[in-house]
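Step one of this worksheet: look at the structure below.
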């Protein structure tokens, strides 16, 4: 793989297409994610955003196209990598429908996130040598840092199965961070969060970008979050690119408004005309 | 949807009716963890009621308790005046209440169409079912397009549309909606709320709504409850709630720029 | 009630979480070591079988309980171990070398099964291992020059470092030592990255993969380890029984092994031991109980199967977490006394979700 | 000629496997559990028929429907008593339960004085009837098996494909929670599925009885029906039949043309090969999880 | 040191039967036969004033459980002797346990050669081995039928192999070999390809290493396809179930046997009397296996009486050294034992199913 022209580019997708039976889920999509930026994919439901993520993390193989990845020491075509190698290259992701290890505690989930950073082999593990012990303590320390960072102390030892939706979202983010990635793929990080929590999420994403220096590729429907944290936005529709630019530019794009945002009319139109509401008995 | 309208009851506008749904002092727990602690609420026939609350407040738990998925430790649930506490979930659906669950829960290996038909499982009026199928296809044309596809392969948002449509197919008296806008595009979110309001107006279907998008919810609903840590901390007509400072700050995101600055600053919630 | 205050991360890594555990497990070890002093020979032999089955159970627990892969042909690995040991010690190889080979060859066979099995899941995996078990059993029967075919083959008493372990006590102590070593290995694995990878695969393959866990490698590894344990168990089994024949490693044996860990409690190391204890003591209990029953029932040929089935059903119905689950409840009750509340372990409504999409 | 005769016996043996496999697939489709008790239910069905005919002296044409109905009811009761209490637990528990049920049924039948431990023969009217077409010989027993298998397969296929009930059964096996949310009476359907499966097992038992005799261990033939179901693809009804035929033919030919010992392992070798080439069998659905 | 299992007024015997496995039907009958003789003996005052006590364990035809059972009987119940233990592999697995405690393995219910070979002073066997049965009977019958092509179908385990080897030895002595050999796995139900194979080979004589259902299945399939050679089975196929289940098609089958099946309407008066006694006591028809059980205890009692008041393992062996057991009412061959001769007799008779019943058709076939 030759080095991409622009050394600023972390990930370069070129002419990606994938077809499922009759559905052309992604159609000739190209984009770059630059080092240190927050790059957002938006688009109506079924536009192919999650599919792009799945292509990057090698759950699907593209029908055509390449994804160039420029790690610190390696430049590879992601489409040639085995699925489990993606994490090792420095790409971590979260899932739209949350895929956690349900029967394990939060801490345990985060430790599994440390897998690619494991320092010991099978035989050492079997004997639990002092090296393993030391490595384990280091893994704990890192996991605790992330727990601290995302305010999860309260849930450290709870089983994931019993967590509320919003907390799971955060745990998934924490697990992804545990791999110490260069690029973080976030699939709808704010879905299921309320306004306040969405704001926290925005702060976290900014911290991740600025303090940890991790690039973020994100799919998101909440435009307030998108405008707040994204450097650039790519709008898709029916598998194709509609617009690319700053959040403001994209939000003003007529195609995006038409297919995605809807005409900005007042939500208050939903409101029932005063007086016609069914009466409630006094409590 | 006019065809089915005759079969459903008309909203009891204007007069003080017996509540369609009433929870009294309900307490539910997961093992040793109490998720809701003594919740009482009422839903009047023909209204849209909303429950707001932060993560883990227990909103989903309330809905699960109502539809019989979770047996409450204490308290009672009444539907149309009859006690349905801890009844078999299927029996509750047959009474005319249907639940759109959190996380979509579509039948992943059945076709989209079969999913919709399963929504109408409790109905035996074949013609009306066929008409309602057309109606939901009208709401969400993508479902018609994908009618023969396995539902598990739809995108997240498409599955959400399917989950809502499936519940509509039951032509219920009361719909429990758990975060209907989850994962939907802004445009579709708006459309969903429009549909919800329309169903409520046209068919008189009563709706109990749990939603993170408080702005939408408070606009669409007539009455609201605010839930924190498993307790109801505030309730009232939506017009009233919209004006409260706490609601504005914590749920509508309209904050005092002066107090909450650029970087993180968290204000402790205290309920006045 | 006991409250634990954690003061360092290393504390979490210890095997024994607090002094009480050190005390109780220490006492247990002591009792086991001293058992020959006060146990009649017959019961000591039973105890030896328990240890042997516990080793096999540990391996199967790793595979089924922690990696979530169910093997319906595990008796085949047991058999490979047993035959390897029989053949090698028969050729005069030293005990531990043969034991190592038994484990190694079983593991190799495990890898061979594991490889094609990587592509299949759930029920299909069960069937693949079932089929494999049949084929191996047939292999034992057909490879007469080595295995003696269906006539079976005799196995001598083991000789360790020049000492012939021909008494029940010495062989028991050997098994005890090996069991202890195996348990330690399993416990170590489970608290290290390798063990976590197994658990991750069990819970969600897709996200395990996206965390960088090489599914095929770890699944194969799990098969190999599990087979190696079965191989060790098989080798000891061969010495204990002194006679092995192909039909001892049939599907019925495989099902017994699976029942053992399920009744013991899936997903716990304790479960392997409790299950083995159960599997060995069950026939004893039945034959004890027989004499109390009227002859028409007590001497009826079906009794054994009936009781076996009823106990299994009762466990699944009333104690899905197995013997270990029951033990946890008793322990909690004791620790919490008098604060234990009814309903603390009350079962909630649960809802099955398709395994096909995992 | 030899070849033809082998083919015919392969097909008829295959139909037997297919018939038992139908029971597996039925339970699997409706509950996602693999029933290890299917062979024992079949055995029970055969014993039930035997008891009706020899002890109570029912004529064959009364005993057959009576057995099927009785076994259907038995299945419903079994579900109510044993399966329902843990409905909703992971399927693995149910699989374990079926193993337990298998043990119990075998134990109980063996406890019946005299006939329980013996091998018995079922007096069917078409016993020893042969159909000769030049050199090809077909016994009536085999023809009946082939016919019944085809009919049952069609009926069950129609049930799952076209009826609301069948679709609802599949729905509740895929996502029980959602099935409850939609008002599907999951428990009742589950009972129905077990009733049906027991009835199918009874049919298999009655048809098998003249060929293998009635004895407590006749259920072990179920172990051969597993490969059939797997080769066909576990969730597919036509697959069960096709898989059964494949296994039957493979057995028949390998017994004749291959060296000793292959006849009994050939089905399992076929399974392993099949799983390597097509991990989901011939007709199994390709399962993909979308994330 | 006191002899284990023998007290002032009891002798404790142990036996392991298959009461829940594939041979449960037989195991149960052996047990009942034994119990009948034990009760008779105890009613008559026991052996030298000692009552017999029989401990029965179930192996389910599983060698592992057989070992456990043997350990229980030997180490816990302290039996004097193991009598009539069923199953070859089970005996093989249990014998080491017994021998370390000096417990005799007396008359196991299996006709494998390992029950007396290689020599061990604690092994005693009574049954003519399958190997010898076929080895001796085959030449006679082949000559009689003038058969040209001898074939075999056998169960692919130790039992079936013994039958097959017996035939092979006989054929070798006659200067030929099997024309076709086929086998099946225990529990098989379909024999069509095996029968087709033998038919294709043109066999006119088939040695059956089969038990019950396999015998019926094979012959049934053969008759169906118009393949009618002479069938010869071993004593394992000599049971009344063959003709009861198989019906007319089974007529003509030959089998080797030692003791006669005790039909309730048997012509011989003593057998009829015995059979009806058994039926009254247990409400079940007796079979050859009941007779085996009965005979085993009977032989034990003879030897124990001969050993006298001071009954120990050594005195028992001493008594057996000169033991001669005369033919009994069921027509068993005379059995003799010696210090190095541990098999009572290797002779057997031929019988044939005629009109749905076993008929003895030859006297003991002398080598």
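By written order: A, B, C, D and E. Residues from 1 in each chain.
In this text, a contact is a pair of C-beta atoms (placed from the backbone, for glycine too) under 8 Å apart; a residue touches a chain by one contact, two chains touch by 3 or more.
Fair warning: this is a prediction, and the values are worked out from it, not measured in the lab.
K.L.:
Count the C-beta pairs in contact for B-D and for A-D, then report the pair with the higher count.
P.N.:
Pair with the higher count of C-beta contacts: B-D.
K.L.:
For chain A and chain E, let me know how many angstrom lie between their CA-based centres, rounded off.
P.N.:
It comes to 74 Å between the two C-alpha centres.
K.L.:
Taking each chain's centre as its mean C-alpha position, how far apart are chain D and chain E in Å?
P.N.:
36
K.L.:
In whole angstrom, how far does the Cα centroid of chain C sit from the Cα centroid of chain D?
P.N.:
About 31 Å, centre to centre.
K.L.:
Please set out, as single numbers or ranges, the residues of chain A touching at least two other chains.
P.N.:
Chain A, residues with two or more chain partners: 50, 59, 95-97, 99.
K.L.:
Can you list the residues of chain D that touch 2 or more other chains?
P.N.:
Residues 107, 110, 113, 117, 174-175, 177, 180, 216, 261, 264, 287, 289, 291 of chain D each touch two or more of the other chains.
K.L.:
Please set out, as single numbers or ranges, the residues of chain B touching at least two other chains.
P.N.:
As it turns out, chain B has residues touching two or more other chains at 30-31, 69, 108-109, 152-154.
K.L.:
All pairs of touching chains, please: list them by chain label.
P.N.:
All touching pairs, sorted by chain label, are A-B, A-C, A-D, B-C, B-D, C-D, C-E, D-E.
K.L.:
Given the complex with chain D, which residues does chain C contribute to the contact?
P.N.:
Interface residues on the chain C side: 70, 116-117, 119-120, 123-124, 126-128, 130-132, 134-135, 138, 141-142, 206, 251, 255, 258-259, 262, 266, 296-297, 300-313, 316-317, 320, 349-358.
K.L.:
Taking the touch rule as given, give the residues of chain C at its contact with chain A in the complex, in rising order.
P.N.:
9-10, 12-13, 185, 188-189, 191-197, 199-200, 202-204, 206-215, 221
K.L.:
Spell out the residues on chain A that touch chain B in their complex, using ranges where they run on.
P.N.:
20, 42-47, 50, 96-97, 162-167, 188, 191-200, 203, 221, 223-224, 259-262, 267-268, 270-272, 274, 276-281, 283
K.L.:
In the complex, go through chain B and note every residue touching chain A.
P.N.:
11-17, 19, 30-31, 33, 42, 44-47, 52, 54-57, 60, 102-104, 142, 153-158, 160-161, 179, 182-191, 193-194, 197, 212, 214-216, 219-220, 222-223, 237, 239, 250-253, 263-264, 266
K.L.:
Given the complex with chain C, which residues does chain E contribute to the contact?
P.N.:
My answer: residues 19-20, 24, 27-28, 31, 56-58, 60, 62-65, 67-68, 71-72, 75-76, 88-89, 92-93, 96, 114, 156-158, 161, 185-186.
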